[in-house]
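Here come two complexes built around chain A, the first alongside chain B, the second alongside chain C.
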Partner chain A sequence: MTPADGGDRLAAYASRMRAARLPRGLHPVAWWLWALALATAASRTSNPLLLVLVLAVLGFVVTTRRTAAPWARAFHYYLVMALIVIAVRVVFRSVFASGITADDHILFRLPRVPTPEWYAGIQIGGPVSLEATLSAAVDGLRLACLLCCVGAANSLANPKRALKALPGALYELGVAVTVAMSVAPQLVESVQRVARARRLRAGRSRGLRAVRAVALPVLHDALDRSLRLAAAMDSRGYGRTGTATRASRQLTGVLLLTGMAGLCVGVYGLLDPGVPRPVGLGGLGGGVVLSVAGLAVGGRRVSRSRYRPDRWQWPELVVAGCGAVAAVVLTVGTGYDPAELNPDLYPLRWPTLPVLPTVAILVAALAAFAAPPPPRPRPAPVPAGARP
Partner chain B sequence: MTRRILATLVAAVTVPAAAIVPVPAPASADPLPIGRCTTSSGVVLAVDFRSWGGPLLRSCGTTPTTGYELLNQGGWKTTGTQHDGPGFICRISHAGFDNGTPYPTPADEKCVLTPPASAYWSYWHADPGADTWQYSQLGAMSYQPKPGSVDLWIFGGTDIGGTRGGPTFSPDSVRAHNATPVTTAPPTGGAPAPTRAPAQPPVPGAPGTPPGGAQPTTGPTRSPAVDIGATASTRPPTGPPGTAPPTSGGTAPQTGPAVVDAVPTSASAPTERGSARPLLFTLGALAVFAIAGTALAARRRRHTADAWPE
Partner chain C sequence: MIRFDHVTVTYPGADRPALRDVDLRVDEGELCLVVGHTGSGKSTLLNAVNGLVPHFTGGSLAGRVTVAGRSTADQPPREFAELVGVVGQDPVAGFVTDTVEEELAYGMEQLALDPAVMRARVEETLDLLGLADLRDRGLHELSGGQQQRVAIGAALTAHPRVLVLDEPTSALDPTSAEDVLATVTRLVHDLGITVVLAEHRLERVIPYADRLVLLAGDGTARHGDPATLLAGSAVAPPIVHLGRLAGWAPPPLSVRDARRRAPELRRRLPTVPPTPHRTAHPATRDDTGAAGVVLAAAGVVVRHGPVVAVRAATLDLRAGQVVALMGRNGSGKSSLLWALQGAGRRAGGTVRTGGRDPGKIAAAESRRLVGLVPQTAADLLYLDSVGAELDQADRDGAVPGSARRLLDDIAPGIADADHPRDLSAGQQLALVLAVQLAVTPRVVLLDEPTRGLDYGAKAALVRTLDGLAGQGHAVVVATHDVEFATAAADRVVVMAGGDIVTDGPATSVLTASPTFAPQIAKVLAPLPYLTVAQVAAALPAAPGGPVGAAPADAPAGRP
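Right after this comes the complex of A and B.
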């Protein structure tokens, strides 16, 4: 090998590295792994500062790396939902008082609803302390964080491409999910188009008449679309069972069902401390083996070719990896005081910020820089002559 | 759109911030030396630390009170869960046992969610004269113990009806037997006093001295005699926290827990508030993310507009 040869190879390698960063959609599985890892990290802690950092990282990555597709606008709604979750948690904690200690800081007092003797276990109303409110807010914040993780994955990953990564045995299920997932954005688009058409025709009707005037065309549109989709799917051979025999289909069904049952037993056994450990582990292991076998057997009957498959390149690896760092650091709990992940609000004190988990969560923000920029939106087709 | 996302994000963070209005603490139950509890006044509180090699600690409190106040006076302290608040007793500590370490420790139970029914502090009552324990139908903050009754906390698994996993000893082994309050001078020597029948020497697996805690035998008020009246609870609150020694050898050889009378201590020193710096750092990081996100998104929009001029 001559030096020039090596140099060429190096240059080719470098250009491949650069090519991976050209504007394109990241592999959807990478985004899902990243988001689920952050959700795992968030579920391990009730430290409000760490949870806020997780939210900040999610918001930052979504703002910088989402596409212009309809599903990419979903994050805003997840944030609103997160606020609602926190509010509901705080209101419930205030109304169904959980008790006041002598050292509590009272914010305000709700009217106390007297409860009969046999119902004395539940208090309704009464003083609301800062401690109880904060504790409810933090509890809600954690759930909100999990919601936003799923929201971020939904906004960043292309759902249609994500379903391409499904194993062959889940093919039909995947088709149903794809159709279901594309309903909402299509409906929104339909409504917008119908509304625009009505504005052009100076349609002025309001109230019930307006609903009828919008709903009927939208329904018509949806029916048209589903017929077109069905025809397109039919022509591509969806729903055919291929060369599978009746026996192999039944084997797949039995394997998958028992596998799923094993997974349920295993997860329940691992979460309930009353169940012996081997039962949980055995159930989980058996379930995984049976499910994988079922998927393998089922996948044989469908042979698919993929058009322009998503390739797993180094940005995908970095994105999934930096999410995994956060999950591992917060799950393992070494290198810092694990008690700092779940700070106590009684007595009230400023929350602390353990260094290692903070760094791990900030590392997850690197996904915004590792991921290639999203593809630019194509311009809307302009009718000939409309452009000056 | 971006700005709206950031605004919502900032709102999500700042909503929990609220004004702090300290209020004067309500009067709580006063701790009493164990001799003040009689068959008709005061409440005997017993907490079973035997799961961690500790004693069955016993103390006395005034009435009226709630089960919660009883557990938060005279050296006792409880921790609630994040999910249920302080009303759910998740950890119990006493200054005299293992230097006031709360049990179960964070390694065993995180006290974030409600602990499982297989390992939690269950609450039992025995009314004056009752021979059996009754599983509490109310929470510690709602229940008001009757004068002369016994409140017991044991750790382990019970079902909601209290039919399984109840206490293995009778209320008689911990309740007060004297009809009038007994006040005695602090014991001066090692004069052994008569002992109560149910109290037993420490059985294997249930040592009377806490691990790593104050050793009663080395304390300044060494008193092997702990009849319900003759108590060693006159130690000044500033002294080292400790427990009186377990009641020594009873005459009735029945099996039972080693009962140790807890010494009431004054309230612990106010805890420090910590520093607000981590909060400021988080807010700073939030601001950096917000500014960077806005700037990057704006640049991308500009580039897109350049590439596809309208």
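Right after this comes the complex of A and C.
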């Protein structure tokens, strides 16, 4: 190989690298990995400063890298939901006062509701302490972080494309969800149309008869439509036979079921400190292996290809990696004092910001720069003549 | 390419077969047109091509259907996906994905084609059907004609050798329908695809058909050259009836064809038709004064959010007059009708009928003034028998028994025990009309009633509307069907973009514009003839006899 050759190849390689950064949608799995990794990181800490930092990173990445599609605007709703979660948590903790120690700073006292004898375990009303409220708020904040991680993934990755990335064995599930998503608006439209038409016969608008008068035509409509859809899908080749046999179908079932059971045991074991760690890890590992095997066997059932599949390129790897760094640093807990992740409320003091975890969470924000910008929608051409 | 060998299809519970001993051969590259009344087995025939009948629908199929040598008995429809593409009546019902590009690719994904091949074919198809500008658009934001073209494209990407289309234009306005049919004929001519097509509005497609399959109604089918078959058929476009009257043999199939033979006929016709295009109830037609006005609407505005659907429309409806409301899809026809009835939103303007405003009174009151039959008439039917629906109509304020009487007048022979959903489109329309008329509204509005009706049902509807006008009702029919408007309407109102752009007597409006002109007017222009009946009345010779020989140099058959 001459040096010129090497130079050409390097140039070609560089241009491929640059091409991967052209505006396009990032592989949905990359966004999901990134978000789940951040969720893992958030679940390891109860330091409010770190949790707020995670939220800030989520907000930053979502605002810079989401598309103009309707589903991309969902992040607001997740934020609102997060606030509700925190509020509910705090209110409950205040009303059902519990875990108040003698050292607590009492903020105010709620009137006590006398509870019957057999209900003595739970106390309603009473003193509300600063420590209890803070701990409830931080708990809520952590839950809110997890919620927002899912929300970020949903706003960044097109849910439809994410479904397309499902393994072949779960293909039918994906189709069912897609069809359901497109049928829902049609059903709403159908209900509106029939309800409107009822006025023409001056039908009563309340009571059982009204329900029947709307439901019957709507259900009839829906049934008709699903039959026609099924016929259309059949004529277009949906469900063409792959190479599956009866035995392979049964094998798929067994593998998937035991795999799922293993996953459940593993996750439970890892989350519950009472269960020995090897049991949890073993269950998780075994479950993953069995599930993957099941999906692989089941995938042979369908012979299908994908139109314009999302490709896994270096930006995908970097995005997923950024998230993974945060998750690993906060899980492993070396290089800093792990106690700083879960600051004690007794005595009450301002939490400190551990350096390494902070940097790790900030690394996750790099996803905003690693991911290619989302494609701009083409200006909608105005067709000749008015559209309805 | 397609062979039917003595095919008989019987559905479970049916007392007679839907198809009886059908023997048919469609060759490669042909456009085969399937014609017949509603319920004569058109859909059964079409669906048998790829095996949906009987694999999907149930029933039993005797005989043998083969496509390119493969029998549908051996394999389910999905295995025919790369051989037969199917496009249905309602494109939206068949969409699986939500954007144009993905929909085009869906069929190929099922066939497990290579991604590179898929991409190339999607691009080709986008160009072929003129959809390139719409590639990223959601399927539900497209107009009806665009949706139907996407559905055709989605069937084409699998490169089928046969394309089956079941009434692809029945839900479209004339312009979109032309668009879709032009696409279909281009596919036949450019790609050599074999097309099997069912279509109610024969006049649109017959010029392009190579073969005609005529379903008699008892399950049997005849097939052959379109001109020959149509010469003796009752189901025929007006132009063929004209050809018969003028003694042209074989009958002309296209306007161009007829127009080239027409000079001789035009010379023999008086310049003013001796009879009006409609002979029923000459009572109050064409008066322009305030007399006879039963509904007066002024400055009606309808808005749907930011969209202005109707922009200050002013309209007077007279007793004894049938008005055809025409215009492309989305021009505001439905919104105007709903606003006139009072059930729809009205952002401005006034409507007066019977001294009251139907929009400001209770629904039970307004339907006594103005009756509206909506586009999907079946939306109004929610009981489980025709008898129950009629009883309900009586309870809703009609004179007992009047609904039944009306129904028997409009469409005799519908039993009380029948389920409303089992009736044909024409019968459902009759039932809803009877229910709405039972409370004796002076004004009757019908929104697109001709959708899915065959020639016979349309003729029956014209008779019903004539009867209503004769009794002093004011009738408005929104329709896309020019031939129907010609037969039914005294006055034509054309809407575009929410405005009323034309409002005048049918004779002048329907002869003025080529889009809204019936076939007879196109052939005989500048003579103001609209119907075959007018021509028949004007010709001196007795009908049925040879009225005039075809010129010796007349082009034979199709262009």
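By our rule, the second predicted complex is superposed on the first by the 283 of 388 C-alpha atoms of A that agree within 3 Å, B and C clash if a C-alpha of one lies under 4 Å from a C-alpha of the other, contacts with A are read in each partner's own complex, and residues count from 1 in each chain.
FYI, a contact is a pair of C-beta atoms (placed from the backbone, for glycine too) under 8 Å apart; a residue touches a chain by one contact, two chains touch by 3 or more.
This one's a predicted model, so the numbers in the text were calculated from it and none came from an experiment.
In the superposed model, A:Arg277 makes contact with neither chain B nor chain C. Of the two partner chains placed by the overlay, only chain B lies in contact with A:Pro373; chain C stays clear of it. Counted by residues of chain A touched, the larger count belongs to B, out of chain B and chain C. Once the two complexes are laid over each other on the shared chain, residue contacts for A:Leu353 go to chain B alone; chain C is not touched. Applying the stated contact rule after C-alpha superposition, one finds that A:Pro338 touches chain B and leaves chain C untouched. In the superposed pair of complexes, A:Arg112 makes contact with neither chain B nor chain C. In the superposed model, A:Arg16 makes contact with neither chain B nor chain C.
Note: residues 377 of chain A belong to the chain B contact set and to the chain C contact set alike, using the contact criterion stated above. Every residue of chain A that touches chain B in the complex is listed here, in rising order: 46, 48-49, 52-53, 55-57, 59-60, 62-64, 73, 75-76, 79-80, 82-83, 86-87, 93, 98-99, 101-107, 120-121, 123, 130-135, 137-139, 141, 144, 272-274, 338-339, 342, 344-353, 362, 365, 368, 373, 376-377, 379. By the touch criterion given at the top, residues 160, 175, 178-179, 181-182, 185-186, 193-194, 196-202, 212-214, 216-217, 220, 225, 228-241, 303-309, 377-378, 380-381, 383, 385-388 of chain A touch chain C in their complex. Contact residues of chain B toward chain A in the complex are 1-2, 4-6, 8-9, 11-13, 15-16, 18-23, 25-26, 28, 68-69, 72, 79-80, 82-88, 106, 110-112, 116-119, 137-139, 141-142, 157, 270-276, 278-279, 281-282, 285-286, 289-290, 292-294, 296-297, 300, 303-304, 307-308. Chain C makes touch with chain A in their complex at residues 47, 50, 52, 55-56, 76-82, 84-86, 88, 90, 92-98, 101-102, 105-115, 118-119, 122, 133-134, 136-137, 140, 142-144, 146, 154-155, 158, 175, 328-331, 338, 341, 343-344, 362-364, 367, 371-372, 374, 376, 378-382, 396, 421, 435-436, 496-497.
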